[in-house]
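Sharing a structure, written as structure tokens. Questions coming.
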């Protein structure tokens, strides 16, 4: 169960409205790596967990915080939209080219659809999609997804930080950056702990018997391009991170098979054939 | 430029058609973590790279291989669909309940839309979407996305491996599993190399001045749920992976702010207000 | 069957082109609550109706009008796009900052994809999706969906009305507003009539035996937030609109159940477990 | 802020696994009118509210409960998936035609992607989309959207109730039905209260000056189909629900305008013209 | 304006219900090349036309027919769903494996969401999307799109014809096939007429000055694969259909350019660079 | 298999950055008719081919070239984004209204999400979708789809050509225009060859026995609109392109059927009925 308290985790009030920035801020609310994504992702990972205790508790604990971040951003965006010129006619200010320029940079659905409210969309107005969510049931894979999500999210917030000089906005972004820092660190530590606890190892999934794969190509770097420097990395020689092999380097494939004959399905499917 | 050769990297021919499995196999062709995703993801990361040399060459080199995996899966799926009963009437076989059961498990668009051909969709028929792709320009973040993609992909292939007993299919899956093993290892090694080369550090992005974030909450685990075991992990105490702090544990938030007053936007937006 | 006449229901010609407003007007053509939505929604409701006579005739009668509104808006948008600067170079006017500002506010696909034509998309360029349509077969539920659609639509048209001073555009919007007024009133009246005819009652669906639900919580307002004023509304006390109960107010849940143990599915799904 | 407690609002445990029903139950978790939709919808309506007090408190109070319903359904679905045959080979049971039939009715991504976990999708595997959410800032319109959502949702749960005989599942559905009953009643009562408080009236939005619309057609039923019974309803005669007019009935349109001339945009857009 | 008549263009009644075929038939109602697509496509092409007279009249005339085909299919699907076992429990028939098999092949949203009604989706339940629509303003391009749509559509109907033995269904499909035959012929003839009227020529768009393109490669077949037979076609030698050149054949590219240096954007975008 | 070479087919370097044009150029990279579409379309058509030899070789040969066009455009876009003002504050230049105007015309995700990199989206930021792809297995239908794709694509490139005066950009567009010219000609020639080889004829699919369709309406132009000029085209009289009939013209339908009775499905689906 979730319980709501009418407080925010941190101040989310801009110094003044800015409808153009409101649009940009939508990215970290409703974009591929916005707060809705991490809230739902950690939620589904916890509900689908197959092991009680600290890992599930960790997911529950961070997931609920993220729903609060969704609320902080939505609240901030509504305030950023409060008094900005929204393309409504009859205002002298609309004749100002600078204002017209601003209007060009806003999300027009903020005005037409939401009446100056936040929306569950990204900065280009694409509705948030659950296709962004990852929850496979394999925690080593999923914690890498989580670390990545917090990294992409922190990169985006850092970019947004430099796109405004509003102290109130920057204050909130500074808070979200700190929480992204924490969550990056947590997922990376949890990755190590899964291995230390003997629950998962590399390669993921580690309980699939590796002998069933074609191990002859398991550690070959097959360079399908012609960039010579590709061979200079530690991914082309030396021991592999999973501890099971040694990298080798090859120009192009080491195996090949003839292209199969074209298929000839049922004639009543009316494909072109001879 | 890409050059095509009418050979496959590995044999991709089933022992016999199986339209139900053809549908399932679509997941790793056109799903969130299918081969189209990694091919396009590594492609865009290479085209957007901001540094010449080994990292870009690595992306180019693996990316082109993945386009070949797309082809292997599409070719395999077309063959799996070749002679299976596709719900076409007038065949005695259609009266068999077992056959009817099988038909229920197929992707009906395989027959109706593609005429027994592979499609750029997942195992539920959702068209592949470029919203699956990650390419931020920050390689430390993106390589974590890549490691995650190879892990999710290998988990899915491993699951599919046990959903068929067709030796030809398993042979190809065993090859793809091996390549996923390799690519997992490569991205994980590349992550370490980025740090060793001094190009990126944790937290991502490391060149954003951390003092601008609210560092007081940068290493606090704020448990917004009531699972006591959450405090027992190494993510609640001890040094953080980024080397910049020490984890601490807290029940709930350590900060709060009052909920801002509701906004009162322009009356011509016809929102409900007092 | 549908028959087309090359006339419009009302004049749909702007006084002068305005490519920025053309983009905004797309919302009520191809948005979540645009004319395509209501046309298709009333269509599917009529085709799926389970009762002959006045309700189905009502749906048919309004549905066909809405297809004409789609045409009015498409025609208007094409004219709004006719002579506006579309970002084509070589025009002196392009050097004017005011013009540049305008260009920033247009839908660039209007020019690139449609060659100055209307498109079946919303004001942010999202293609219209049939996921907007509601047609459940339960007319009491669906007529509420229809009333809502006409309300959201009229709110949007009213907002757009103030975003232009073009008399031709406002004339058409004034017509669409009047039709939305009518349709709101019609669906609300039809809701009452369904109840008077004894076809449906509250709660929807009324022919599901209410005793099968957990009636102890059927009229309890469980406040999962801490806003004290929530108890001050008539939704927290007094008789319920369905006539079957009395509202009561509660801080938080009145029931609870322990969280189930994590699941342990087949090991060949490679989830993380102990 | 949202706080999570590791309890459920009501028991959500099936008597036994049923992977086919798990798929069906996804509809009310991640479908157009599933619990994710209402949770997010009430959330955005509260964050975008323009008036403090009881209406916003009502939204906050119900919204948080809905997030708990999301959790109940996800938890239930994971358990329904626990031991069911998932198409994995090597099990004798797979040879049973009845089992094959069952497998045909499952969501194959439950196994391949989520490893027997719940997913944020509908019963056909379409990812949940924020395009389902309505939050206009006009509470009279939005509360109609909410009433509709609870009606559609209750209709779907009632249908699902008869698609299973599992007592544990039916018990939970009986609880959700009761809560839908409550929420239908609450939104309908809140609609009345908005009018009583003088905040909103019909037609929505009521503070748009009705004289600006073409009032001559504001109360005309224009029947664009040929169903004669359409005239027999109270939507074709008598006073209108908004109290501002009287319905009249007309076969077809009462107004018309000539189709405008085709547009002739810039030749550099390469449209076909004379 | 569109006017509706409560008649169908052709009988659309099945001999008996068949919920599995109802699902399949959704493809030609709400799929990429279903009737909704052509109805909307011809509609937008007519509304965006830049030339009065026969071409626009042709578009209007066929477009309105297609809306009637949408209705025919929706009506047929509702009837196919009427009495079929829909997975509702408590029916003896549900215990029959054959019935279970059938249920596995249905669209479960037909029952849960639409209550045995048609839906604006394809045979895998993907909502119809306006992204399927083509309307560029260039009639030579668009008529090719139309010819293709009628061809793809007729191929799909022909496939469906063999997936049922229901005489009523086949009767309707036989009618739709005939109309597709007509419309294919019409668009192909209209393509010729556009050229005869001197309105458009190849290559499309013909009024773009061809000398501005790199004419040295305008008629070279550059084979980026290694299939030798590619040179054996009339696309590799002889005069070109546009009458402006002669085909020539080349193994691989005849031009090349060095890969540009990686970009170095603003450091505040936090990309990885040296 | 695909092999990558770190060269481009043609110079893809702008004279100077232009973030607004970068956004527009996304259309032909990731739009409905962008290079990703044709690359994937020809790929799937080749993998699904049912006949060896020249047609499949043709598809392979052009398909691989298109992947190189994807790369050219991505590379060009990244360079167009290199130094443009991206809305980052603290730059004096940002105060310039002209700059603000420019910023309004950019894709803000270029900066926030991709860090000045290309993205697999169209010019409005819609992610590329595999729903754009056509691959039916019937080559006569599919080659019409291909011809249409190359025509739509060339129209869009021609429009973009006039939206920039950058010589480097125009140079690349001039190259792409030439290749579109070639590919239009190739698909049109291949259409003729299929017929000459006796593999396919009109109407598509030609191997469906035409006598099974309702041939009485196979060549009737039924004008469902009232545009009199529709009868003046060669599609209303004279021989049909398929050589099997003669066009005739009719005002409205020549057939009709009564609307079937409403359906009465299972009462447990809770539809409204009498």
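To keep things simple, chains are lettered A, B, C, D, E and F as they appear, and every chain counts its residues starting from 1.
Note that a contact is a pair of C-beta atoms (placed from the backbone, for glycine too) under 8 Å apart; a residue touches a chain by one contact, two chains touch by 3 or more.
Just so it is clear, the structure is predicted and the values come from calculations on it, not from any experiment.
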item	value
Relative to chain D, chain with the most remote C-alpha centre	F
Option in A-C, C-E or D-E whose residue-number contact pairs overlap B-F by over half	C-E
Averaged-CA centre spacing for the pair chain D and chain A, given as whole angstrom	27
Chain C and chain D: spacing of chain centres that average the CA atoms, whole Å	11
Chain centre separation in whole Å, for chain E relative to chain A (CA means)	34
Contacts with two or more other chains, residues of chain D listed in rising order	1-9, 32, 48, 55-56, 60-61, 63-64, 68, 75, 78, 86, 88, 97, 100-101, 103-105, 111, 113, 115-117, 121, 124-127, 129, 131, 136-138, 140, 155-156, 158-159, 162, 205, 208, 224-225, 227, 253, 256, 263-265, 268-271
Pairwise touch network: line, ring, star, complete, or other	complete
Complex contact set, residues of chain D against chain C	6-13, 32, 53-58, 60-65, 68, 75, 78-79, 81-83, 86, 88, 111, 115-117, 126, 129, 131-132, 134, 136, 138, 140-141, 144-145, 147-148, 151-152, 154-156, 158, 161, 170, 174-175, 177-182, 184-186, 188-190, 192-193, 202-205, 208, 210, 212-225, 227-230, 232-235, 240-242, 245, 247, 253, 255-260, 263-266, 268-271
Touching residues on chain C, where the partner in the complex is chain B	155, 158-159, 162, 268-270
Chain B-touching residues of chain F, taken from the complex the two chains share	1-9, 30, 36, 40, 43-44, 47-48, 57, 60-61, 63-64, 67-68, 70-71, 74-75, 78, 113-121, 127-131, 133, 135-138
Complex contacts: residues of chain B adjacent to chain D	20, 23-24, 27, 31-32, 97-98, 100-105, 122-126, 155-156, 159-160, 162-165, 224-227, 252-253, 256, 261-265, 267, 269-274
Contact set on chain B toward chain E in their complex	1-6, 48-52, 55-56, 86-90, 97, 100-101, 103-105, 107-109, 111-113, 115, 121, 124-127, 136-140, 194, 199-200, 205, 207-208
